[in-house]
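Can you keep this structure in mind? I'll have questions shortly.
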Amino acid sequence: MSATEKKEPILSVKDVKKHFHVGGKKILKAVDGISFDIYPGETLGLVGESGCGKSTVGRTLIRLYNATSGEVNFKGKNVHELKGKELKQLNRSMQMIFQDPYASLNPRMKVMDIIAEGIDIHGLNGKKREDRVIELLETVGLNKSHATRFPHEFSGGQRQRIGIARALAVEPDFIIADEPISALDVSVQAQVVNLMKKLQRERGLTYLFIAHDLSMVKYISDRVGVMYLGNLVELADSDEMYDNPLHPYTQALLSAVPIADPSLKDERERIILKGDVPSPIDPPSGCKFRTRCPQAMDICASTIPEWKEIKEKHFVACHLYN
Amino acid sequence: MSKILEVRDLHVSFHTYSGEVKAVRGVSFDVEKGQTLAIVGESGCGKSVTSQAIMKLILTPPGEYKHGEVLYNGKDLVKMSEKEMEQVRGKEIAMIFQDPMTSLNPTMTVGKQIMEGIIKHQKLSKAEAKEKAIEMLKLVGIPSPESRFTQYPHQFSGGMRQRAMIAIALSCNPNVLIADEPTTALDVTIQAQIMDLMKDLQERLGTSIILITHDLGVVAETADRVAVMYAGKVVESGTINEIFAEPRHPYTWGLMNSMPKLNQDRSEELSPIPGAPPDLLAPPKGCAFAARCKYAMKICQEVDPELIEHSKDHRVACWLEHPMAEAYRREVVEGRQSV
Amino acid sequence: MSTEKTYTPELFEPIGQLEKRAEQLNRKQVGVWKDAWLRFRQNKGALIGVALLLVIGLLAIFGPLMNDHNWETQNLAIKNQSANIDGHYMGTDHFGRDLWQRVWYGAKISLEIAFLAVFLDVVIGVTIGGISGYFGGRIDMFIQRFIEVIYSIPNLIIIIMLLMWMEPGILAIAIAIALTGWVPMSRIVRAQILKLRSQEYVLAARTLGASHKRILLKHLIPNVMGPIIIAVTFSIPSAIFFEAFLSFIGLGIRPPEASLGLLISEGNQILQLFPHVLLWPALVLSVLMLAFNLVGDGLRDALDPRMKK
C-alpha cells in the first residue's frame, strides 16, 4: 500500500482510553491510551490475547461504549460528539460484524427481517425491501429460499454470512470485524475470509479486523497492531511485523503459534513466556509487559515506554529501541 | 511398540425427541504406549463423543453404545460395570477437558481435589496424599505450590487451572490421558506453555495421550499419530509425517487448504470447503463427505468407502483409493500440485 | 479393495462437487414454537393437564346448560340434598340451590378473575421489568428500591384498603391480586433482559441505529416470551387460589354470587352434616390447580433454553 501516505486516514484514533468501574473504587483500564490511523481501502488487523482490550477498542470506535477520554475521528468528525442526523449517518457508514454466530442473530426473527433491519431503521426503501434482501443474500453466497428461514436452521458459517449481509444493507464504508472467524470451524473460516476480501475488492471497504488467530490476521491484513493489557505495543505492515517483530511480546506471540508442518517442528526456536497476563485492574508499573518479558531492564519498571516510529511505518513501544 | 488402547468399530448414538443422532458411526484406532494420538476434526464430527465413550462418560439414556469395543490392555471397557469403571477412571485412564473452570469444583480447594483421587486410588493416608498433591502441583509448574494448595479454583488463572487439572489427572499415574481440546480456551502464549508441559510430562512419565483438537497446528507440534474424523467416522489416519506430507483424503486436503500458509500471497484466495457437515440424524447413504467433495464420483453417493490400508501406517477411507479410480486419482493429485 | 463386490467403471465417473446441495439447509424447517411443541407433547403429565383444563374450561362455559336449573333460585324444600335427583347432579346447598350450576358458575368467575389478574400482572410486570432491565443504572436502581418497598407491605393490607374503596367484584379482586402479583413477573423479565441486552444481536441493532423502542419490542420482549409464558401458567393457579382465599375470609366475591372460594367457605360451615357441599367445589379447585401446575411444568421443560440440545 504505497498510496496510503498520500491518503487521508478514514479513521483516526487519538489517545483513546476506556475505563470501566468494577465495584468499589476499582477501575479496569480496558483500553489505556491508544492511537492509530486507518486508511481507506485497507485492512488493519488488531491482535492480542483475551483481556488485552482489542474488542473494547472496536466497540468504543462504533460508540457501543463511550470513550473515557481521547478522540475517534471518523471522516474528520469526532464520533463521540455526533448527535441526531449525523449519528444516524455514522450508523450507516460504520458497521460491525460480531464474533458469535449463534448470539449475533435474533433467534425469533426471520433472516429477511434480520437483514432488512438497517433498511427499516434508515428508511432505505428505494428498491423493494425484498429485492434488496435477496440481492444481499446472493452477495454473501446464499439465496432467496433462505430469506424465510430462522437463524437456528443455519450453520455457523452461514449465520456469519447473514451477519455480514445485515451490515452491508446500509452500505457502510468501514466495517469493524470483531473476531468474525474465531467461533467457526477451520474449513468454514476460509469461506468468511474469502467473502470479506471479495467485498473489499468490489466495494472498496475498509476493515478493522480484530482476531487472535495470527496466521489468518497476517493473511487478511495490510497492517497489524499488537495489543497487550490495553496498550498497542507494536504496529507495522503485516509482512514487516511477521518477518521482523521488534517488541519482545510480539516475538513471543508469533513464536507460540503452532505451525501445521511437522517438518518444521525441530527447527523453530520457541519463546515460551512465563506466567500469566496480569490483571488489568492492577497492571504493573512502567511497561506492562515487563513482568513476563525475557529482556526486561530496570527502566521498564519505572518508565512507560514511548510509542515511537522506529522505522518507516513501524511503530513500537519498548525501551529496547530507545 | 505395544498397543495400550484399541477402539474397534465403535458406534454411539443419542436418542433425542427428533430421532436418533448417530454421533459416532464406526470409529477404530489404536493408541500406542507412550505415544500421542491426535483426533482431529471439526465441531460435531464425533471426536468428543468418542473420547467420552472411552471413559464411559456417556449417559445412557439418551446415549447408547450401539456396537464396537474399547479394549484397554485387552479388556473391553464397554462391557464393564459402573463399579469396575470406577477403578479404571482416574487410575488407568484420566481425562482433562476444554474448560478448566467448569471441570473444577468451585467450592473445594484445589489441593483437596487433587487429594481426592490419590486417596481413592492409591490408598494413601491424608498426610501422604497431601505431600503427593503438593508434589504434583510442583510437577505441573505451579509456583509456590504450598500456598496454592489451599486456594480455590477462582483464585487461579485460566492457564493455572488447566495445570491444576493436569495435576489431578496425572496424580494417580494413569497409563492413558485423554485431553479434550485442552488448550482451546487458552491464549496462544498459555497454549504454548501447556503443550510444552504435556510433552515434558509424557517424556518423564511415559503416559499415552489421546489429544482431541481441531487445530492442525497443535497436532503437528505434539502428536505422533493422527486420526482425522468427519461426520462420526475416521476418514484418514497415520503418522503425522505421512498425514502432513502426503494427505490422501479430500477432506484432509480441504482442511489443510483452508488455512493460510505461512507465506500465503494476500491476493490469492483461500480454498474453503463449501457447505456444512451432514446432519447426523439422517446421515447420507454414501460417503458423508461426497456432497462437499470436489472430486466426488458416482459411487461416492451410493456406497460408503471403507478405511483401507494405503501403507502400514496410513489408512484412508475414500473411493479414490480404489484400483478402478487410479487414473482419476492421478489426475486429481497432479491437478492439486499444479495449483 | 478387499471386498469381493465388483463395481462397474461407470460408478467411478467423476461428478464433481454438488455445490448446490452443499449450501442447502440440513434441517427441516422447524420454528421455535413448533420445536417447543415437539418437546411439550412428549410430557405425559403436561398433556393430562391440558386435557383436564379443557374439560373444566368447557364445563365452566357449557356446564350450566346441561340441566334445567340456575345458580340463584332457592328452593328450601330440597335443601342440602346430596343425591342426584331431578337433574341436581351434585345435589343442592343449604338454600336448595343447584350445586352443579353454582360450581360451574363459580369456576367461571374464579377463572375470569384469575385470567384478568394475570393479564394485569403481565402488562405491569413486563413494562416495569423491561424498562428496569434495559436501561439499568439509576433507573433500575430506583425501580428496584420502589419494588422492595411495595413488596414489604403485607399484601392483605393493600387489598383490604383497596376493597374498602372499590366495590368488590371481578375487576376489583383482579386488581387487588395484580397489585402485588406483578412483582415476581417484573423480576423475571428484568433478569432476562439484563442477560439479553448484552447479546450480540442487540449490539448489532444498536450499531444499526435502532431506537430503544425497537430494541425492546423487536429484539428483547420476543425473546423473553418463553419465561413469561411459563410464569403465567404458574401465576394463574396462584391467582385462583388467592381469590379463593379472599372469598373464603369474606373479602372477595359476596353472596349470593358464587366463586370456588365462596362455595368452599359456605360448604365449610356445614361440613360435618353435609360434606358434599364442600366436596364438589374443593375437588374442582384442586383439579384446576393440579392441571395448571402440570402444564406449567411441561412448558418450562419445553421452553427452557437450558434443556435445549
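A, B and C label the chains in the order they appear, each numbered from 1.
Throughout what follows, a contact is a pair of C-beta atoms (placed from the backbone, for glycine too) under 8 Å apart; a residue touches a chain by one contact, two chains touch by 3 or more.
Everything numeric here is computed off the predicted structure, so don't read it as measured data.
At the far end from chain B, in terms of centres built from Cα atoms, lies C.
Annotation: A-B is the more contact-rich of the chain pairs A-C and A-B, by number of C-beta pairs in contact. In whole angstrom, the spacing between the mean C-alpha positions of chain A and chain C is 47. Between chain A and chain B, the centres computed from C-alpha atoms are 31 Å apart.
Residue positions of chain C with contacts to 2 or more other chains are 23, 26-27. The residues of chain B that reach two or more other chains are 274, 276, listed in rising order.
For chain A, the set of residues touching two or more other chains reads 155, 158. Within the complex formed with chain C, the residues of chain A that make contact are 59, 62, 64, 87-88, 91-92, 94-96, 98-100, 103-109, 117-118, 121-122, 141-143, 146, 149-150, 152-155, 158, 163, 166-167, 170. Across the complex, chain C meets chain B through its residues 1-3, 7, 9-19, 21-24, 26-27, 38-39, 42, 309. Of all residues in chain B, only 42-43, 157-160, 187-193, 195-196, 214-221, 240-241, 244-245, 254-260, 262, 264, 266, 269-274, 276-277 touch chain A in the complex they form. On the side of chain B, the complex with chain C involves touching residues 16-18, 274-276, 278-279, 290-302, 306, 308, 319, 321-325, 328.
Chain C meets chain A in the complex at residues 23, 25-27, 29-32, 199-201, 203-211, 214, 218-219, 222-223, 225.
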